[in-house]
Structures are given as C-alpha cells and as structure tokens.
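Submitted below is the structure of interest, expressed as structure tokens.
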C-alpha cells in the first residue's frame, strides 16, 4: 500500500497512521488547533486539525494510531496534511504500532546470528568473553534501539543493523590489510555505541536520559567494560585497549572523544563508523531525488546538497 | 645555604646537587660529553661535563646525588654550569634525595588534617563515603604526587597542596554565594585530579603511564567512582553527579572533558581549579622578576609575559 | 502579590503591568493588532491585543503602566497573554514605574556605603584619588544602570550590585593569596565597567549609544582615567596600570580587549568578573527549575542547559 | 643484507649507500664539513664527513653512490653516522641507483595488469575512454612517481601502488553497498592524483614544479580531463562529473578542494583515499615499534603517537 | 516617477511592477493566497494577494509585468504591500521588462569601449590575445550578467560594470606603484569572474547551474584559459600565470581559491576585487540611511552595521 | 660602493659597518666569542668574532661603527661573516651612524611638505585642527620613526613615508569613488599609527616601551585625540569619528581593534593601510629574486613564497 510520503500536493488520502508528536496551538483569532506529526513506514508528514476540542487533545497523543482522511497541501515548500476526518482506532481495526515504524532491512534473527558468528570468530579469549558478556547483558535493548535520535539509522534495530554493516565492512577491509587485528575491530565495533542503550530513552520517541546528558554513551560504556572485566576477573591489557577503542571512536576531543585514536584499530574503527553512517545518509537522501537533481541539504554531512547524475537511475 | 638558581654568570660554585636528567652527546670533533640537569630546592641548571668517560656515563644518572664544583657561564641567554670537578656521593656525605626536591609550603601532616576536616564537614553521607573511600585507597600516592608534570604545582605533594588551596578558595566563595552545595564542591575538588596517581608514573622524574596516555586521569577517576559506589553499595544520583564533576572539570571538549559542566558546582569547580593554578604560575613567574620588568613568557598562560609594576616590591 | 511569571497556562489574570515594548502587526486577514511585552518585578510576558485601534497604538507605548485582564495561553511552548480588557492608569491607581522594575537585592544606600568603604581601604593615594574622582563624576548613573542589556545583572542598580559582589569576592581571594595588590583589585573592579554609563542609554529600555557602538565602554573608560589623572595632576605609573586593568578585563582580543591581561591583578580581575556574572546567570536559571530537571539553555553560558540534582531543593 | 636503518648506536658499518642530500657546513672553529643524507631500501641516516675537501664537495652530491665505513653515534636522540672512510663508486662496484630506492611491494607489471583490468570492467564508455586516454598519455610517469613527497607512499611507483590498493578497497566496499557506481569510483581513483606527474619533478629527490606550485595537481588534472573529452569528442555529463570527482577529492576547501564532494562517489573516493594513506602510514610507523611501546609522532596523523599493544607481535 | 521603495507605511500606491518571485500559500483557515516579490528600478517589496484564484496563480508568475494598487503596511519591521487591485499588462500598457530592472550607472556602449581600450593598452601579445579571445567568446553574456546573485553588483551588466570599476582602480594604483605589471592586472581583472556566465543561469532571476555548483566559476575559467591558449597556439608562461590569477583571486583556500596568490599582481587583484565590491555595498547601504543613523546590517560585510556621521549629507 | 648584502659566499670583504646587535657566547670547548649583527644601508649580516677578549666585549656594542675585514661563509643556508680583523672607528674615519641606516626613498623635506599639503586641503576645520595639533606635538619623532619593528617600512622615516604613500593612494581612490570623505581619510591616515612614537622606543634598535606593551599604539592615540580635542575645545562628532578611525584600523578584534570599522572611511583606511604595507613587503622580497624563481617565505604575508614570472625583469 502507498505510504504517506508518496502522496503529492493536491492528493486526497485515507490512511491508518501513527501519531509521533502532537502540539496544541492557538490561531491569531484565538481558536485552538492541533499540529500532529503522522507517520508510517514510508516516513512522516505534518498535519493540522483545526478547531480541535478538548476530547481531541486527549485522544490524539503520541503512540496513538488514527484513521485519517484529508488533503495534501503545500506549506513553506513542504507537504502538509489538512485533516478532514480523523478517528482513534480500536481492536477491530487490526493495526499495531510496529506496523508503522521503519525497521532495519534485515530481520532481528539474521542480525543476532551474524553478531553471534563474529563473536565466535574471535581468537583472543579475553576480548571474546568481555564482548559476549556485555552483549548478553544488554541484548534486548541492543536489538531494539536506533543508532541515533536523528541523522542516520534512526529506526527500530538501527543500532544493531549499523553494527552488522560495520562488521561486514571491517571484514572486507581486514582482508585487504592483513596487519589489522580482527578481534579488536569486531569487539570495538560491537561495543562502540552500546552505551546508547543507557544514554537514550528507548526505541521510539527517543530522547536523552539524565545519565546520557551528564555522562554520555562513551563514558558509560568505558565504565561497563571495566565492570565486566572485574566480574569476569580478566586482568590483561585487552581491557584497557577495548576501553580505549570505545573512548576514542569519535576521533577528536571536539567530537566527544577525550583521547584521539592511539591504536591502529581504533583509527580504523572511527573510519568504518563514519563510512557506514555516511552511506546510510547518502542513500536515504538520494532515494528521494530524481536523476539530474540535487538532494535536500543533509545537515550531518556539513549541510551539503548532493547531485544525482542524470545517467544514474 | 644559597641554592643553585641564585648564582649568577661568572660565579664559581661548589654544591651537592641531584641529577634530574642525563644525556650523552658527541662534540663536532667526535668527543663524548654529558649534559646534566642538576637540581636542588631552588630550581635547576643545565651543566656540561666535557670529555666524559664510560664510568661517568654509568654513575651520573637520574636520581644520583653528586658533589660538583664549576663555573656559571651564559649560553643562549640562560645560565649553564661548566663542571670542573664532580664526584658521586656516599653515606658519609649525609645527603638524601628529598633534600633536593621542592615540596609544598605546608607539611604533609597539615595537608592531611585539612583534607580530613573538609571530608568531616560534608553532610551528604553518600558523597562523604565515596570521597573518604577513594582518598583512603590512594592516600600514599595522593600525598606525594605533583599536580602536573610541568606548568603548575609540579613538586612533591603538589597535587594535595593544590587540592587544599582549592578547598580553602571554595569555602570562601561558598560563603559569599550561599546557593552552592559545599559537599559537591569539596568532594569534586578532592577527586578531580586524583586519577593522576594512575596517569603519572610517580612523584619524581614524572612521565605518563600507558594507561595515562590511552585513557587519561579523567576517565580513570570516573571509573574509580563507579567502582567505589559498587563496593560501598551506594545507589543514589550522587554517584553520577560526582562522575560528572570529574568528567567535566576541564570545561570543554577540546580541553579533554567530553561533557561540559552541566551542574552549577561543576562550573564553579572548573573556575576554582583554573584560578588556583594560575595564581601558582603567576607567583612563580613574578618571584623571579624585578619591579618595572616583565616576566619570561609563561607557556600555560597563553605564552604571555607579565609586568611587575614598579611600585610593587 | 503573585507576579506575572507565576501564572500558568489556563489561568486568568488581572494585574497592573508595565509596558516594556510595543509593536504593531497586521493579521493575515488585514486586521491590526498590538504585541506588548508586559513586565513586573517577577519578569515579563508577551501579550496580544487583537483588533487594536489607533488610540490603542498611541496610549499603549513603552514605559506606560496599564491595568490588564486576560487569559494565559501557550504559543510555541511559551506563555502568552490573550488580553480581554486593558486600560491606561492614572494617578488614582497609585502605581509608579519603579514598582515594576527588578532591582538589586540590597539597597542603594547599602551599595554606596560598601563602595565608599572599599575606596577608603585603599592605601595607594594615586589609585584612591582616581577611583574616587571617577565614581563621584558618574555616581548617579553608576547607582542606577544595569550591568548589561541582557545575560546578567540586567536590572536597575545591576552594575553597582555586580561591582559590590566582585569587591567582596576579591577581598576573600586576596585573603588567601597574599601577594595580590588589593588597591589595584578594588579600583580595577570599581572602574572596569563604569564606561557603560556612557555606552548605554540609561537604566531602563536600555540600548547602545552611538559612542557606545563606535568606541565601546572599555575605550571610553580608558580615556576617562587619562583625563582624571590630568585633572588631578597625577603622574605615576598607576595611571597606565589602571588603564591596562580596564583595557584587558575582557581577557582576549576576540572578546574586546585589545591587550590581554599582563598584570597579575588584571588576570584575576577578569576571573572575578566572569565568576560573579556566571553565578548570577546560574542562580537565575536554576531558580526557575525543579530538582531533577534541566534549565532552559543559557545563551551566555555557551548555550548550555544545567541540571538541578534531584537531591537539591 | 642488513640495511642502514637496522644498525644501532655503537655499531660499525661498511656499506654501499646512495646520497640523497648533501650540505656544506662550517664548524665553530672554521673548518668545513659535509652533512650527507645516505639511503638504501631500508631507509636513511644522517652522516657527517668532517674536514671535507673541495674535491669531496664535488663528488659527494645527490644521486651519487658511495662506499662508506663509519660508526653509528647518537645525536639529539637520533642515529648519526660518523664517517671514517668514504669513496665514490664506479662500474666495477656493480651497483645502480635503483638498488637503493624503496619500491612498491608488487611489481610494475602486476600493477599495470590490475589497472588495465579495472578499466576493462567499466561499463560506461565515456568514463572508460577518458580514463584509458589519460592513463595512456601519462603512463610512464604514472608507473614511476611516488604518491607524495613525504608522509605516505613516498617511494618509486608509490602513486600507482596507492591507486591499486584504493581500487581493491573500492571493489570490496561497492560489494557491500550496491548503490555505488563502480565506473565512477574506479575512474575517480585512477585519475585523482594523476596530476602529480606534472605537479612533481620526478620519481626521486622529488620537488614541486612551478606549475605544481601555482596551479596544483587537482587543477592540472581537471584541465586534462576537459582536454581529453575535447580530443575524444565526448559531450556527456560524465566529463563534468569526473572533473568534480578529482576537484573535490581533498574533501574541504581548506584542504585544497574548492568544492566539497557533492556526488556520493566523490564522498566515498575521499574516504578511500584517506583510509589507504592512513593504513600505509600506520603500518610503517608500527613496523619500527616493539609491542608495549609507542611509535614516534606521525606528523600527517595530527602528530599522534600510536601504541602497539603488548599482545601484538 | 517615484519607485516602489520610496513609499512609506501608510501610503497608497498605484504602479506598474515586475514580478520577481511568486509563491502560493495557505492561511491558517485554509484559504489560498499569493506572496509576490514586486520590483522596479528602485528595488523590491513583498506583496500579499489574499484569496487568490487558480487563474491568479497562472498569470502572476516571475517575469510578468502587472499593474497594482494597494496599501503599504508594516510586517515584522519591513514594508509589505497589501494588494487591492492587480491586473496583467498587455501591449497597450507600453511597458517592457528592462524598464523594471536596475542597471549599471553607465551604458553598455561605454563599458564596451572602456574594456576595449584597456585590452588595446596591453603590451604583451600573449596576454592580450587570450583576453580578447575570451571576451569575444562570451561577450553577450558578459555585458548582461550581474556580478553575483546577491551582495554586490547584483544588477543587469553588474559584472561588466564591476570589471570597469576595477580596471580604473588598478590603473590608478599602478600609477603609484610602478613595479606592477599592468597587462597582468588588466587581463586578470577582465577574466577573474568571467566564469560566472557559465556558473550562473542568466541576467535575471539568477540561480546556479549544475556546472556552477559542481565546478564553480573559478575552475570553469581556468579551464577556458587553457583551451583558449590551445586554440590560439600560445605556449608561454603567461598562460599558467593568467590561470593562477583567476585561480587565486578569492585569496584563501577557505574562500574558494585552492592556491593563494603567489604572484604580486594576483595579490593586488584580490585586493582590488574586494575594495570595489565593498565600496558598492557600502554606498548602497548608506544611500538608504540618514546622517546620524546606522545602516541595516550588511551580511557580506561580516554582518556589520555602518554609521553615517551626522556631518555627512 | 657595494653594500654588505651584495657579497656572496667565498668573497672577502673590507668595509665600515654599524653594529646592530652584539651577543657573547661560549664555544663547546669553553672559549668566549662574539656574535655581531653588522649592517649598512643594503641590509645586514651575522658575523662571528672568535676568541674575543674583554676589551672586545666592551667596545663592540650596538650603535658602534667598526672597520671589518673577513670572509663570507655559509651557515645553515645563510651568509655569515668570519671576521679576520676588526677595529673601532674614530673621527678620522669620517663615518656617522646615519650613513649605515636605510632611509625612506624620498627626503624628510619632501615628506613634510606633502603632509602639510594634505592637511591644508582639509575642509572640515575640526578635523584639520586636531590633525595639525597632533602632528605638531609629535613631529620630530613622526619624521624619524619606522612604521614597524619588522615586516614593512622598518627603516628611518618609515612611518612618515608609509603615511605619504597611503595619502597618495587615498587621493587616487577618492577620485574614483566620489562618496568618500577625503578629510576623514587624510586625517585617519595621518593619525592611524602616530601612537607608535610612544609605543616604540625610537628610530633605531627599536623595541616596545612598557606603555606600548600594556596599552598599545591604538589606545594611546585614541586617548591623544581626546586630549587634543579638549585642549582645542572642539566638541563635534568629528572627535569620536576620528577616534573610531584609529581604533578600528586593524579591522578585527583579533587583530587588535576592539571595534571593527563602522564608518565607510574606516573600512577603506584599513584597506589602504594593508595595501601599501603589502606592496612594500612584496617589492622588497621580489627585488632580491630572479625572474623564474620564488622569493623566500614572507612571514607577514601568511608565510607565502611569491613567484617572479620569467617574463618579468
């Protein structure tokens, strides 16, 4: 079925949609209205419900699923839905929240089995045990969380999917540069953003926790590695090296890493992280663009606009 | 007795001195010589031992105490000692390493008792217990280490002395701004640089350890606070807040704090740390300067030179 | 009585308020309206007077006091007053402008007496005479002006109150670091921002004067010190040193000081200025915040948001 | 045979070596001497020839091969050779310049065949023809030049070897991210630094040409692509896209690209270039370092020092 | 006749105007309206056409000339026209697009003859021939294009007018500094921005072309000089020097010049370009300002506001 | 007669020279020697006097004129004089200090008369009187001082010569841009660096005074303008505008101007200052360079090296 973002200005729609966000406003003439962000797997659209009642305000809240009809109009260059009719859904509508959330292109099972395999391939037992311990401790959240609140992989299972892509990339690179230590790369990749399961509030409507704000996912995970080593009674230099890989993976102090990479695999981990995030952002931006045209500006890519060559499809 | 730095170009000296550093060199004409950095409590001077023998190289090494006579000459605008005679010392000389090291202007006992008193004044038991636990765990090193390898408080007990000065300053400030939480300030001050006892190699000839290089004293101490809370079974928000105080005390990401201060006391801690370090650097630089003249450039103060007003003594 | 900022969305109010700012607008449908910023000692709120007449435009102007009733609504996340009734006040209302302006927490008399005392304590007659001369010359404005147009101490007598806080702080610090020259500190603090009485337009609805824009308060006061010395026939180095203290008190060229501090007391003055301004901004932001929550972003503190620990009241 | 860089301080050597650089000096006592940089495939060492004659100055010049015996000494922390005996070589010594130059680890034939294969795999005829034309035009230099005058791949055939590594890497990446246009990637990689054959003076003792200084290899190659298209009478958008790939491959204006990457493949090309250059620099630095120790600072990697974990061999 | 920008808030107008830009909007209550940017030689004003029909949307488009009557109102501190009546024009109105476009203050003929004269004065035949060839190739666009899409000389013939002003300025400067090579200066000035005729879309409603975005006018013109030299069979160093003048005229890498000026005339060209652009911006901003007041902020002059002394008319 | 800088390595010289600077050193073997900087109008050369006596140290001091013979050698790529014979001069040698100092290319009389003429041309009496007053007050120093201690116009009368060049340039520019106020330009140019007569120690062996370090020439002159206005009893806005011209002439806060130019003539003054200084630096660097070669790096021009086209003489 056609998703919300595939309708153009002038179209009339009738769809089940998930409310991502709801805000009350007052018009210049003093009338209340609701601004809703409605989403399905295809993306999201802003909608206006004029002359809203108090009942409306109570039932049209984030995470509610609604049935909506209305007209797509243009407001400041973006599509906006003018709602004609809207109603809450109930069990007879046979819809559930996960039907409306974007998810990773491969299944959780597949992701789990790939990560298990990469851990299995590790040869250094200290690195392997710490990695397995931490994945096990946080596995439920790890397989549900997005990789970020915006910019890249901001969908359900986005974090784990980003990790799997990075693992595949690291394997290909280590195949070409034989001096790389695969154990460090694999473990560093699996752990580098795992602290986000504590830094962020959850898989949907994601915000920062207090601990996320005051300490950040890097510091959180460095601490977790220390605790894991203590619990597993592991003493080797591997502990400090893994902490360094996580600590330095943002590459520079001004990007949040108090120490820059000072291990070869830490430097490469930073590159692989960036490369996979950028590919994800570029593919998303270019998917919405016709050949011979420029994408919208992508904030996390220095606010650049990218051109899709006219000989590309 | 007159210290080494109080002799002028043209003077002849005869002194017991400690070797801080020794390097072998070869003259243009192929002759070996030793460059020694010799120190006593007054400071240090470079010295040249020309035509050095292999025996010389073996006995004139860092931490050795020597008896030296020679002439103070000028080399590139700095004093340099041309050694006439030098010999190692033995027990009959009745000299010991600590006689030659600069130390804090107040005794270790006094420092210990002041810090104990500040911990005693804390009202929040979680904060008090964590602070006491960590000071006890690292007390020997804490009372011996310098505050830094150079720039400020780089002498024996420099770290603890810097902490005491900051505590006194924080008490005065909190007396004027009553909204400040003294427990957080005192604990934050006591713990902020404690990680240096792991980051640095020791109280003399101080260098960075591998862990110091790869993780840094901030990350090390944040981990230690986490472990202390676990061992003491403390759960409250105080743990995270103390970790934040340590994490943010450098003030900005580019100065090594992955999170900027986001607690009022964290912001003030950063200021107090800076203020005390600057006063120490300014006083040292101005002590060596006459009224109506400028100090040497002080690298850690943006390489500025300071003027001593002619109406100052 | 409850101030304007203590009313919540949904409340109905009836209050005397001062108009800080008034702007005419036109609705999408061509109707005129007035946007008023209304204030009392508790702070300010934006208000809308729909369908305003020409008479309205003439009588509802800055500095006018009005009696208003209306409803507090929410607009883009901020409170906004929808005016039901509004009328100008007259003598029978027994209200005056100063009733609506925030003022320093201590009285002008107290401020005056404290500053007089600090000048009295100065030992260097040149420094004392210049300071007394300039305070006398600009005393009326000095005791009325805010310390800035926004950010910190932006209230009546804010400048003098900021100076008194800094004086107390400097006295406490000089008590701990005995090498500091109190005369220079006290005089530097009293004079550092005095040029603002020429740079700014006045104590309320404060803007920049042409001279303030083209020369700035630092240059203005450096000139004034030179003139004062000439009038008092003072020749000593103190003149230049005081000029340097004022000139360098912003700390760096890019912050408006063409010379960085090159006198110890100039460096400390810069710190004390910053510390007192930050304490003022932090206290204001945290006063409006509940324990366990973050403040709004504070622009002048690098746009940071501060957390109020849940164990703080 | 043991190379020059494998001898330690105190060793005596007797070797054939190539003079990379020669400078005349005068000792403090007015005696002439020569400072020579001597190299073989293992690297280079500074050497001193004391009391040099005018004949010495004439025969010991860059590109000359000499037979040298002498002692390895330490000067300012680096090895330095004190020459005992030195003589020029002649045909009977059976040595040639290429014996002393570091070269790529795979043969020119292998490099040629790999690049030919990658060009063969291109599907877009416009891209393929321009790439083939330019490689053919500059092939001799392309297979001889270093990739840079210092930092990375600064050896004979370094440029072509760097290109082959990048091609292999791009193939692996394109295998994982199927949306990438391999033709653009392969052509962009082959052409990106080809302008260096005009920017630099030649394969050994490499310096910048006037054109290299005033225009730079990026501008030079963008012009060459334009000319190639004109000669081959190719009109499509591919010409401009290839010019953009070369133009933007340094990533940012401040790094020499007047336009940042605005095509997906341009962004990825920039990454692949960086990744391969960094791997090369890291491997070289770590090869000279023992496990458990830090490398020398690497200027082109932000002057960082890298740690070789003690569990690495 | 009085231009659009000379009417004040409250005035009623009736004018022929050119539509520069038209955007459809929807009011809060769902009604369509048009926002038009209307211009004549005096400048431009935003206008609102409420309750617009589909016919309105089709006939009120960029480049259309309309007859309008309406009221000037104030919206967010800027003048805005509320349209009462509007109609398209036809041949009987006797108006044409060029009547509404700002143009250079001297005629195209005069500009042409001045540039011809400067080329005639060149003594170096290589420089002269390349300059003449390129001006001839692009002469029509060169005499029509603006110098930029905004900021300075953004009017018909703005580019050529800017070039003429720079030529006059360079002649005056070269009269004072006799070491300057006038041929290089004149040619550099004439060619420096000529690439804009390819980078920009045309003389009105100017936007960037794809080639403009991906390569930029600097790279485009450097290529054109190379091609011109080839066609004219010119081999001398002058070709590279002219390319360098164009390449470096933005002065720094971060401003778009991959090479900074490395020829004296390149450095001076950069200065002359800046000086003339700034004079143009300053004169425009000050023309709209009364003595004793500040101009609006000028974005391209570091967002500064300029004061017009009260003794200036 | 051939100046010192025109001799090449290997030449023997016999010349009268002025000692600019003298430093005592000690060789590795403990022998004293003098390093002298010797100069004449052509420039300067470092010289070594080996085995110097105490008498040598006393008579070979800055500002002494000596007769020297010796050999030009090369040391670290720069020419160095090895002194064979040296003696002090006396009255019978008929040499005087001014014979050895570089001076402006036009005479002091000519400079004086040009500046007088420019002041005469001013129409605004306030501007004219302040300018004349200040030139008169500092005229002796103004006509002797260099424009800077290094970089540009660092010769006797350099300041006044720089001012005259700028005046001529400003006249030419004001001829082309008629909106410029010549009075402001002329006065701003004459006064902009006049504070250097207080900031710097004198016309030769120039250093910074204490006032120069703590206040700087900009602040000094802004104060002087204020005092001049007071003495002349001038009240108009011209005073503040002239102060602003001086205050802002470095263009940006980080370059020493606490306010950026906010008057059109201030902006242009900044440009003219830069342009004349750059022309001076470029001409000096290129004078020492052959066609087809690059100059040495010029520190004050962003450390750039400039190319002299091979078709320039």
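Per-chain residue numbering starts at 1, and chain names A, B, C, D, E and F are given in the order in which the chains are listed.
Assume contacts are C-beta pairs under 8 Å (C-beta built on N, C-alpha and C of every residue); 3 or more make two chains touch, one makes a residue touch a chain.
None of the values given here were measured: they were computed from a predicted structure.
Path length between chain D and chain F in the chain contact graph, taken as the least number of steps between touching chains: 1. Shared contact partners of chain A and chain F, listed by label: B, C, D, E. Counting the residue numbers used at the interface between chain A and chain C, under half appear in both copies, so the two copies meet with largely different residues.
Rounded to a whole number, the gap between the C-alpha centres of chain C and chain D is 61 angstrom. Each chain gets one centre point, the mean of its Cα atoms, and the points for chain D and chain E are 45 Å apart.
Rounded to whole angstrom units, the spacing between the C-alpha centres of chain E and chain F is 40. Residue positions 28, 210, 213-214, 241, 262-263, 294, 305, 307 of chain B are each in touch with at least two other chains. In terms of inter-chain touching, the protein chains here follow a pattern that is not a line, ring, star or complete graph. Chains touching one another form the pairs A-B, A-C, A-D, A-E, B-C, B-D, B-F, C-E, C-F, D-E, D-F, E-F. Of all the residues in chain C, the ones that touch chain A in their complex are 27-28, 33, 50, 73-76, 80, 82, 292, 294, 305, 307.
On the chain D side of its complex with chain E, the touching residues are 210-211, 213-216, 218-219, 222-223, 226-227, 230, 240-241, 243-244, 247, 253-259, 262-263. Put simply, chain D touches chain F in their complex at residues 23-26, 28-30, 210, 213-214.
Listed in rising order, the residues of chain F touching chain E in the complex are 124, 165, 168-169, 172-173, 175-177, 179, 181, 184, 236-238, 241, 260-264, 267-268, 271, 274-275, 278-279, 282-283, 286, 294, 301-302, 304-307, 309-312.
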